[in-house]
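Shown next, in structure tokens, is the structure this report addresses.
In this document, chain identifiers A, B, C, D, E and F correspond to the written order of the chains, with residue numbering beginning at 1 in each.
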Amino acid sequence: MSIVVRNPPRADAAVIDGLAALGVATVHEAQGRIGMLAANMRPIFPAHIAGSAVTCQVAPGDNWMIHVAVEQCGPGDILVVAPTSPCEDGFFGDLLGTSVQSRGVRGLVIDAGVRDVAELTAMNFPVWSKTVWAQGTIKETLGHVNTPIVCAGALVEAGDVIVADQDGVVVVRRRDAASVLEKSRAREADEIEKRARFKAGELTLDVFNMREKLAAKGLKYIDYEGY
Amino acid sequence: MSIVVRNPPRADAAVIDGLAALGVATVHEAQGRIGMLAANMRPIFPAHIAGSAVTCQVAPGDNWMIHVAVEQCGPGDILVVAPTSPCEDGFFGDLLGTSVQSRGVRGLVIDAGVRDVAELTAMNFPVWSKTVWAQGTIKETLGHVNTPIVCAGALVEAGDVIVADQDGVVVVRRRDAASVLEKSRAREADEIEKRARFKAGELTLDVFNMREKLAAKGLKYIDYEGY
Amino acid sequence: MSIVVRNPPRADAAVIDGLAALGVATVHEAQGRIGMLAANMRPIFPAHIAGSAVTCQVAPGDNWMIHVAVEQCGPGDILVVAPTSPCEDGFFGDLLGTSVQSRGVRGLVIDAGVRDVAELTAMNFPVWSKTVWAQGTIKETLGHVNTPIVCAGALVEAGDVIVADQDGVVVVRRRDAASVLEKSRAREADEIEKRARFKAGELTLDVFNMREKLAAKGLKYIDYEGY
Amino acid sequence: MSIVVRNPPRADAAVIDGLAALGVATVHEAQGRIGMLAANMRPIFPAHIAGSAVTCQVAPGDNWMIHVAVEQCGPGDILVVAPTSPCEDGFFGDLLGTSVQSRGVRGLVIDAGVRDVAELTAMNFPVWSKTVWAQGTIKETLGHVNTPIVCAGALVEAGDVIVADQDGVVVVRRRDAASVLEKSRAREADEIEKRARFKAGELTLDVFNMREKLAAKGLKYIDYEGY
Amino acid sequence: MSIVVRNPPRADAAVIDGLAALGVATVHEAQGRIGMLAANMRPIFPAHIAGSAVTCQVAPGDNWMIHVAVEQCGPGDILVVAPTSPCEDGFFGDLLGTSVQSRGVRGLVIDAGVRDVAELTAMNFPVWSKTVWAQGTIKETLGHVNTPIVCAGALVEAGDVIVADQDGVVVVRRRDAASVLEKSRAREADEIEKRARFKAGELTLDVFNMREKLAAKGLKYIDYEGY
Amino acid sequence: MSIVVRNPPRADAAVIDGLAALGVATVHEAQGRIGMLAANMRPIFPAHIAGSAVTCQVAPGDNWMIHVAVEQCGPGDILVVAPTSPCEDGFFGDLLGTSVQSRGVRGLVIDAGVRDVAELTAMNFPVWSKTVWAQGTIKETLGHVNTPIVCAGALVEAGDVIVADQDGVVVVRRRDAASVLEKSRAREADEIEKRARFKAGELTLDVFNMREKLAAKGLKYIDYEGY
């Protein structure tokens, strides 16, 4: 059976917007180094967004369910698409981009290909995908919308928060989002202070007190002449 | 035996220029979803061209036949190069780029590496390749010019039309080019009209009358509370 | 045992700066088509640098030794990092970037992932890496600094010259650097002259006297009608 | 925090053994074409098993948590291991194999490398992995045991049924296992009958009544002379 | 439009059987180092066959056209299948294997996945594929039978001769098959004589008179002490 | 300039034979987890050998230097071949295999392709390669024999000891070989004792005293009901 789950709860809009101001690396560290989608999810142009996930499972070479998913998308959402077996086809182009953008969708994350990237760039509609390719798709096979999916190696559920920037894509569980935002802001604040010290020439070895632990593990310094 | 075929017929210049105004995705759909070269053929900078193919078969790590092919190139051509076994070497750089550009060649498509990409970008000479790498090549082994080749998984014959943009590279058989142009323009016109409707908020589900077929296939809508 | 070699000899600064003015393709050809790091070492933004290598061997998923290596870096250096087994994690971000940039380091070459690329780009700190990914690392395992390493398939020793541009990364042995600079300049001068001739329409077939050798190897020209 | 979940419910032993008698392809089809782990999960020798999943999340290059997971394994279990970022290291060898085999574990599924494959083969301990490599691991970083993991692109929870043969690895949700067994047996029975008809020369075109639907979609038969 | 071409001419059965007695490496060299399908086409068990190609173009994730192709297959044929975009799904299993084997088909070459490999091995039905995976396919989209296709990077036409062994798969044009057989046998005979000489300790350097050419190119011998 | 270094010192024959009795995993661990060639170096049949390296650098698609290297090979050697840029061609087949086997060579390690694997298997001549492919090579370009090379990511010098089994290939520096043998034997002895304990049901957690350290790092045990 193919299912479309309507009106799943979204993460809090203020929390999402808070996370959008923070980098993917910071968010991922703040939640304990988890939640990254695979490294091959690359942006079609430099962008930085956050939103609430609408999930969509498709068949390889078939984008029919994306058309179904569009109707479930609203302002502040990010569409997250995964095929049931690996596929590089261009499942999404500027027509679907126009449609979801008109509904307030902030971007697309797809473990497959995307096309019309010149137009999508001109429209300022960001996409993270594993490839860019014009190869077209058909409309024959059903899938699911807003059920849990594995996208690029990460579990994504409807209403999870997606944060995406040039370093990739991270998923934050909806129930954890507020707490992750808080920890991310603390981490960010700490980094600002540290950055100033590093710029002034202090070393991470000293700022983070690594020297003793390194010596205890057996690190030796040798002058080149003695090597 | 190694062969250079001289003066193969080119596609009609007006047809080529017509196709150059259309996207690769549109052209590929218009001819029945065929003709895409593999997804790993990526541009060194954003570009959009069309031209008549001059084909060139080379040995791995050996660009000698490209030098031979240059003489067969003329205004409006695109040089299409494929090695006889997979190779990432930089077969083509700014000197060859200068030479073919002086002959009116519009770009290069190569299922291998390219180098001097900063210079080629400055010259505005577009290249689609599977990699960028400075690794050099030799000049010892013959190949063919203007015989049919398989380039990045697609059959290309001299005089076929190549259309390339940020979504990849598509080949159109010479004999089909005029008809494909016509179908592509019709498709383009239709998309312009559709785009306006999607921008205004209409759904593809309705515009393309998908709802009934989806229901017939078994799609079910469930509210989150009932899921 | 884990070793940090202090104060290895650097290549001559004038030689390094001389090489920085030349392209990777030119330098690699001038030294006999050797020294390229693998083709998957790609820049996070278009850049062109040369510097003296500080080498760093790390464990997969562990960037501790990079912190150790920073202290060994000085003006004009390039940090070259290789993991002991393949890894895509983001070993290096803007904090480490700030730290090494404050010490005069010109860039990073890493056979792994990098993160905070928006910030590193804004800082104008160039990086060549095999991927971009926010996935974080730990600090548990020792490695080496300034010992010989294999990075992206090439042997790199402390004090070797690294030249990196959009075509990739090449290593020049320290003892050969002056001689390679001389040969590279000669090659560059020759190319400038050749480029003018190619721009004027001369063919490489004639400029390099290839026709006789091609015929001797068996190349045949056939008109399309006879094919 | 790192968690070991003790005594999760297992699937029914009779159901597991029932599934062990059926092929991965059959089980995957019977449950609606879902549940396959990625195609790069290959067996170190031809084998066919089923068991109840004990899940284990490890850090890249670090097999410490596998040692923790062993204690949670019992008769009829299959150990399922996934790293938090891609890694090819040999996380598991004949010592761990001896240990889990002594506890009645039926096999290992790991989205990483395995080593000592000659010894594991001699012991008749089957492993499905993405690579075979002797590269060793360390014991520094915690992970989880028996929490839900994504392994080779599929979600696996403790107590799910794993079926693995030469065609790959499939996961069946614990709650669905009995029903999937029933459907798989029906499918198997049907295939036995069909196989006899195909062996006797009947065509799938006729047995499955495809001809009409093919014609309706537009399939045309042309004799070679007319082509 | 989707086309099935009926009764294309086959290569001569005696020529096919002659080629079946020769290795893929020999045949490929004899026809001038051309015709190899890509290196990732691997056999599911050690086998060595030759046959006349029946070609089949399929959609990704859809094996419907293989069912259509079966009817076009006869004794001595090899079924050659290529998808229109890259796919790893298991398009072919033991039921289709039973069906084509009952018609005298000698094997399958598929630029995609295969499944039921234990059963196909037991049946002694050889397959060369890019992967082995149980992931199933659907029956919705048409393609072509016996039209020219590009399979794993090589052009294959109906009636071409396919030779496949543990070294991969080579295609021989039907019109060239008799001549290639002759050249292959000559090469084979020569190799038998050479093999005896090499076994007796003669060097290829001497048997093929390479020493002079090597010296002319600049090869130098240095004793280790002088190195 | 191209160089053949004659008569480099070999490692001690007794040491080599001692290492041949030990697994690659054991040797690699004993020398501090270093020296593994990349995981894609796979054997064409199950084998386990050790020998003294004769190194050979070749051009892509060109096996000429292997013919030169054969003369430098003697009893107990292993030929180690690396191309100057990535290549999958079949550089080595049964004729070269016959030649080197007649000289007492124990096997081949090549970061490229091999062919005639059925014949090489029948001859019991083991090969570790990154692919198997019949695609042929030419004889035009010089390289080096017995100079240091990087093969599959590892530095190999003439006279280093190579150990290869089903887990891959490891290189041991000639000067370290005796010491590594000793450490490997100690490790092997220890593993035999441990294996007996694990077989009897003892846990690595206890045998290696891991429980306290795990708890200190924060590992928590939770019963399923409380999860």
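What we mean here is this: a residue touches a chain if its C-beta (ideal position, glycine included) is under 8 Å from a C-beta of that chain, and two chains touch if they have at least 3 such contacts.
As the structure is a computational prediction, the values presented were derived from the model and not from experiment.
Student: Shared touching chains for chain C and chain E?
Tutor: Shared contacts of chain C and chain E: A, B, D, F.
Student: So which one's got more C-beta contacts, A-E or B-E?
Tutor: Higher C-beta contact count between the two pairs: A-E.
Student: Indicate the whole-number Å distance between the mean C-alpha point of chain D and the mean C-alpha point of chain F.
Tutor: Result: the chain centres lie 30 Å from each other.
Student: Centroid from C-alpha atoms only, then distance chain C to chain D, rounded to Å. What do you get?
Tutor: Measuring from centre to centre gives 42 Å for this pair.
Student: Enumerate the residues of chain C that touch no fewer than two other chains.
Tutor: 33, 36, 39, 84-86, 88, 135
Student: Give the pairs of chains that touch; include all such pairs.
Tutor: Pairs of chains that touch one another: A-B, A-C, A-D, A-E, B-C, B-E, B-F, C-D, C-F, D-E, D-F, E-F.
Student: Under the touch definition given earlier, write down the residues of chain B that touch chain F in their complex.
Tutor: Within the complex, chain B touches chain F at residues 59-62, 84-89, 135, 138, 140-141.
Student: Quick check on the complex: what are the chain B residues that touch chain A?
Tutor: For this pair, the touching residues of chain B are 23-25, 28-29, 33, 36, 39-40, 42, 46, 48, 165-168, 170, 191, 194-195, 198-201, 203-205, 208, 210, 214, 217-224, 227.
Student: Considering the complex alone, what residue numbers of chain C touch chain F?
Tutor: 33-34, 36, 38-39, 84-86, 148, 150, 153-155
Student: Can you tell me which positions in chain C touch chain A when the two form their complex?
Tutor: 1-9, 64, 67-68, 70-71, 88, 90, 93-96, 98-99, 102-103, 113, 115-119, 131-136, 139, 142, 146, 158
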